[in-house]
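First the structure, in the form of structure tokens, and then the observations on it.
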């Protein structure tokens, strides 16, 4: 944390030399080891890797839901804790995590309520968000009356409620079927474009990561490390960095399949050989 | 059911003019309408379609867990009920559905036990199956000590216990992460090859359907109908019908991506346009 | 009369004993010493009976056990049984063991409650379970309505009274009264003394009612000759038991303790002694029902109304409700067999019992 | 292997701390008792005519040490008298035996009812409300009836004993949680599992033995534990009610009757009854240890 | 046919019937069947007494019980009022204490562990054991002893269920609250209490019938007269069994009333019920 700190403000997220170990009954588990990662403002970064490689752990460290064993994390130049207290990020998990006793509108209003937004302003913002995720007609429904995809959209609206500059999303589409998932991806692209927020996105799906991201961070299994960072070069204008227009047609494009293959290979560590894996936990 | 019945014995599954409606509080729901489908012995057929299109319902009709409102279903020339009583099929669901109080071996032995297989023969068969799914070392573990992928393998071993000529699988890999899923797909290919059973496989994942199947049946949303049947033409020897060798390399082949695109388009009903779907349940 | 006709008389030991069940109205204690003594001393066996003495718990109503045919004889208070008879039970009082009422209403010496008339507006303790009818009858005789007092149910000890939760507590001379006198007065550090209390004895009021009596099944008495025979033999043994208890209170108290009473020796002896006081002297012979006392009991029972407006009885009990026939027969036979036996208690006198702290 | 032993030391350490805290909890209660007794007003705290805190006299609140030392002394001054604690233990054992019999009857009846209700929806609808309602009938109301009817039963060499009435009344309290728990448990298998059995063309009995009963274990165990505690409560109440000799209920009222002169004595059987209840419930917990493989999903419940 | 199939067959009744009709049929059956069962039992009972000739003294007939009920209606309602008040006060205070202590136990493990043996003891202690000492402690002349017993009886299920409820907050919800930097009281208000609510209500519902039965049984062991328990025993002691059963019927009605009121409370406080688990 010497001169990196000077420029820290430039980054939405800066993870420097982070290790994370857990003490469990059966000994110490190293979940993350020597993680370096930066996310620029407005950038869309996906984390992908085998189950248990530490994706969620990393996300939780950024959100200050847990603390690194060593190393430093800064969010918009602040400590992770300060960033949390300042509500610099919005967050969405794999389960929508809606409060079942609150209506859709009530769930979206929750963070606003907790932070003392006046009720009129709250109502307006909720209406705006409902419109954004296409659920205006469902404001008074309860979560259990919604499909999984709709619940997830509510969770996303909630995470956007306070116009955060950073969105943390831990497999938000994991529980959805593929068609709904594709729809949700398209919406996320639109929304993140509209709000200009940086996104850190955890997923298991290679096509999802490829479709959404500017960069895909591929992680290796325990102890979790960054195995490779793959820049997405997609679509008609393959100019590095800037995000190409992402629509459904992209999914059938050649460059899309190439990127899928690239991430696949990064994930498997090498060009794929025939595999008959006997899984061990 | 006139002259089709004459040849019924030729087919593993024959679904003729099947409709299925459900009475619900909010009226009658037509889940399936005019379904015609045949599966040849040894053939691998996937059902794919949007959520709620009736895939599970169709599978349940074949398994005689429910009865068609009209139309006829024959399994190896028998009625579905007779086929169930004769244990003509093995079945696996999205959740592994293992009995938590039985060990891995005990779970696999369950159908054998219920059908009075002698204990020595049972032990041998279980050992064989454990070997087939690569879990010999885990025979005495309990399901909660296994990873999701391992549980699913136990469920598959269980469905194979009585050497059925037909395997019914309803999203058996739905709950797995992508990497484990790919491994399981490879194993299923191997196992179904070894046993020569016909397979009816429900999935949401296009790559999965493409990778596994001889034919992919694409269904349209409510009322569920067969929208299109796509023959898989894959791999080096693209000779219709016979199953190509499916290994991980296939996933990066051009023909694979083509088939994925073909199924995608069949699913979306037309070459894809940019979509902003507002989901309605 | 013809003892010889009974098989095996003379104690050869191989004779058939007639099984008999006797239902008590409470836990084993000195109140029932005579029955335990008869059992212990082999008086029942002498009469060719094998008697099972069944203690009662909180909710077993002895006269119902008898009416239901569960037992052959029961010990119960007359007013309670009068109620049951009006409800349909067909029972006969065949021996009035207790000649007097042993119920007291005790209050603190400074409470100003010296007679039933002073009850008005006070918190009056009672155990319920039918023990309250004496209170209501005595009050009725004073022109007091049952709603003019507030009745508080007492539990198994005198704490409510000692802590002034109730102004006047019900107490049996042989039990609760002693309990109080076995308690240390926190002010003096010594046991409470009789002077500390006012004691109203219902025996001295219009509410007095006959208490422990032996009841038998009326129908069987009328029609079942074997039962008649058994009844006389049973009563003979019982009389001998009570005579024994009168003459040997210490021994009777030990027998009772051995029979399962949980009281300590001093309390048990007190109880036997006080029970004896309620039985003896019996000028006509133990168990003979004094018609005047019976009529007084019936009168009291007719006048008593509880706080819900329920009457104990609304009409005179049938003439079958009591009979001196059997006890008289038993007394006569005993007189013939053992002319020396004192069945009137003419020579009896109570002993002095010193109570010990805690009743242990 | 080292993992296992480490697990074990960790669990035993946790268990030790739980015990320690439990003891501290009891000591705290004792301390509160004695402190209140020392500093509270003799006639308790009366607010608006209502005594909201108890009296502190020796009669109302004996010293804890008096209760304890009283246990070691003989029950009465009688030379043959046993020490109080021994009398209580003997009585508790008697009651335990009766409660166990009641529990077994409750088990059979409860499971029988649950099976019927699981099998036939109509039975569930028709019986369940009455089963719930049955528990609002005060035991004491029918205890004498049971005793009276029981004493009439005499089949061949078998003769109804009074303790059986008590056990039967105990079973009336015990069957309730067992029936409810067993019904819940028998209905607990997921659809996926019942359908699996259907695909195996398994009949009612094999579904019952292979699926429903094993799945019911996690529901059944707490129900059985509650049933055991209820059986003890029922046995004690029925002993008091029917006057059965030898059990804890009997000495409970007997010593309560002696509480004026000997207040500490009355507490003995109360503690006896509590320990008895804990032992009964604990024995069922032991059963849970044996069946632990059937409780693997219990965390989720 | 397997068990599952039979059950569904009963449910499905006629396959042609519409679901609406079926669910209406179910609602009707759920009311009619228990009433029918009750009517049959009463019928058999009356038959035994009036035709077969089991003595009315031994087993009063339903008709006799109804007669007594009518005759003593004012006294019965008075008694229900007394016992009901005791049960209600006990239920309210016991529930509040249960919730409060559960909140402390959920917050501090030490309190949980310290309370464990005491709560376990309270769960197994018979009322008959406690009633006499509570009467001595609080005075036999007031209803407080009975209320205390009803309170203790209510306390246990409310405490146990509430504690479980307080532990049900989903990790994802806790994370969410932390991410919102919510304060302790905010977490309690918006997450912990709503999550625990159904559990608390279940506890109260179980406690409701316990409170009634406990308040009633406590009357057997001293205190002011006039409640249902005292009158049941008094009537039974004078062999007025029909009257005793009339009071028993009243006590059942009181238990039922409490149960239904708590059930209604559940509906009221929790209009929207998420499907379980």
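A, B, C, D and E are the chain letters, set down in written order, and residue numbers restart from 1 in every chain.
Operating definition for what follows: a contact is a pair of C-beta atoms (placed from the backbone, for glycine too) under 8 Å apart; a residue touches a chain by one contact, two chains touch by 3 or more.
These numbers come from a predicted model, not from an experiment.
A.B. asks: Which chain has its C-alpha centre farthest away from the C-alpha centre of chain A?
C.D. replies: Result for the farthest chain: C.
A.B. asks: Considering A-E alongside C-D, which chain pair is linked by more C-beta pairs in contact?
C.D. replies: C-D
A.B. asks: With centres defined as the mean C-alpha position, give me the chain B-chain D separation in Å.
C.D. replies: Centre separation, chain B to chain D: 51 Å.
A.B. asks: Need the CA-centroid distance for the pair chain A / chain C, whole Å please.
C.D. replies: About 87 Å separates the centre of chain A from that of chain C.
A.B. asks: Any idea how many Å lie between the Cα centroids of chain A and chain B?
C.D. replies: 32
A.B. asks: Which chain C residues reach two or more other chains?
C.D. replies: Chain C, residues with two or more chain partners: 58-59, 61, 64, 68, 155-157, 159, 163.
A.B. asks: Going by the touch rule set out above, which residues of chain E reach two or more other chains?
C.D. replies: 58, 132, 136, 139, 142, 220, 233, 236 - these are the residues of chain E that touch more than one other chain.
A.B. asks: Could you pull out the residues of chain D that touch at least 2 other chains?
C.D. replies: Only 55, 59-60, 140, 144, 148, 195, 197-198, 201-202, 240, 249, 253, 256, 259, 263, 266 qualify.
A.B. asks: Touching chain D in the complex: which residues of chain B?
C.D. replies: By the definition above, chain B touches chain D via 63-65, 84-85, 87, 89, 91, 93, 95, 97, 99-101, 110-111, 113-115, 142-144.
A.B. asks: Going by the contact rule at the top, pick out the chain E residues touching chain D in the complex.
C.D. replies: The contact residues of chain E facing chain D are 2-7, 10-11, 29-30, 33-34, 36-38, 58-59, 110, 113-118, 120-121, 123-130, 132-133, 136-139, 142, 144, 209, 212-213, 216-217, 220, 229, 232-233, 236, 244-245, 248, 251-252, 254-256, 259.
A.B. asks: Report the residues of chain D in contact with chain B in the complex, numbered from low to high.
C.D. replies: 190, 192-193, 195-202, 206, 210-211, 214-215, 217, 293-297
A.B. asks: With touch defined as at the start, can you tell me which chain B residues reach chain A in the complex?
C.D. replies: 50-51, 134, 146-147, 149-150, 177-180, 182-183, 186-187, 190, 204-207, 247-249, 251-252, 257, 261, 264, 267, 272-279, 281
A.B. asks: Under the stated contact criterion, what part of chain D meets chain C in this complex?
C.D. replies: 55, 57-60, 75-78, 81, 140, 143-144, 147-148, 151-152, 162, 239-245, 249-251, 253-263, 265-266
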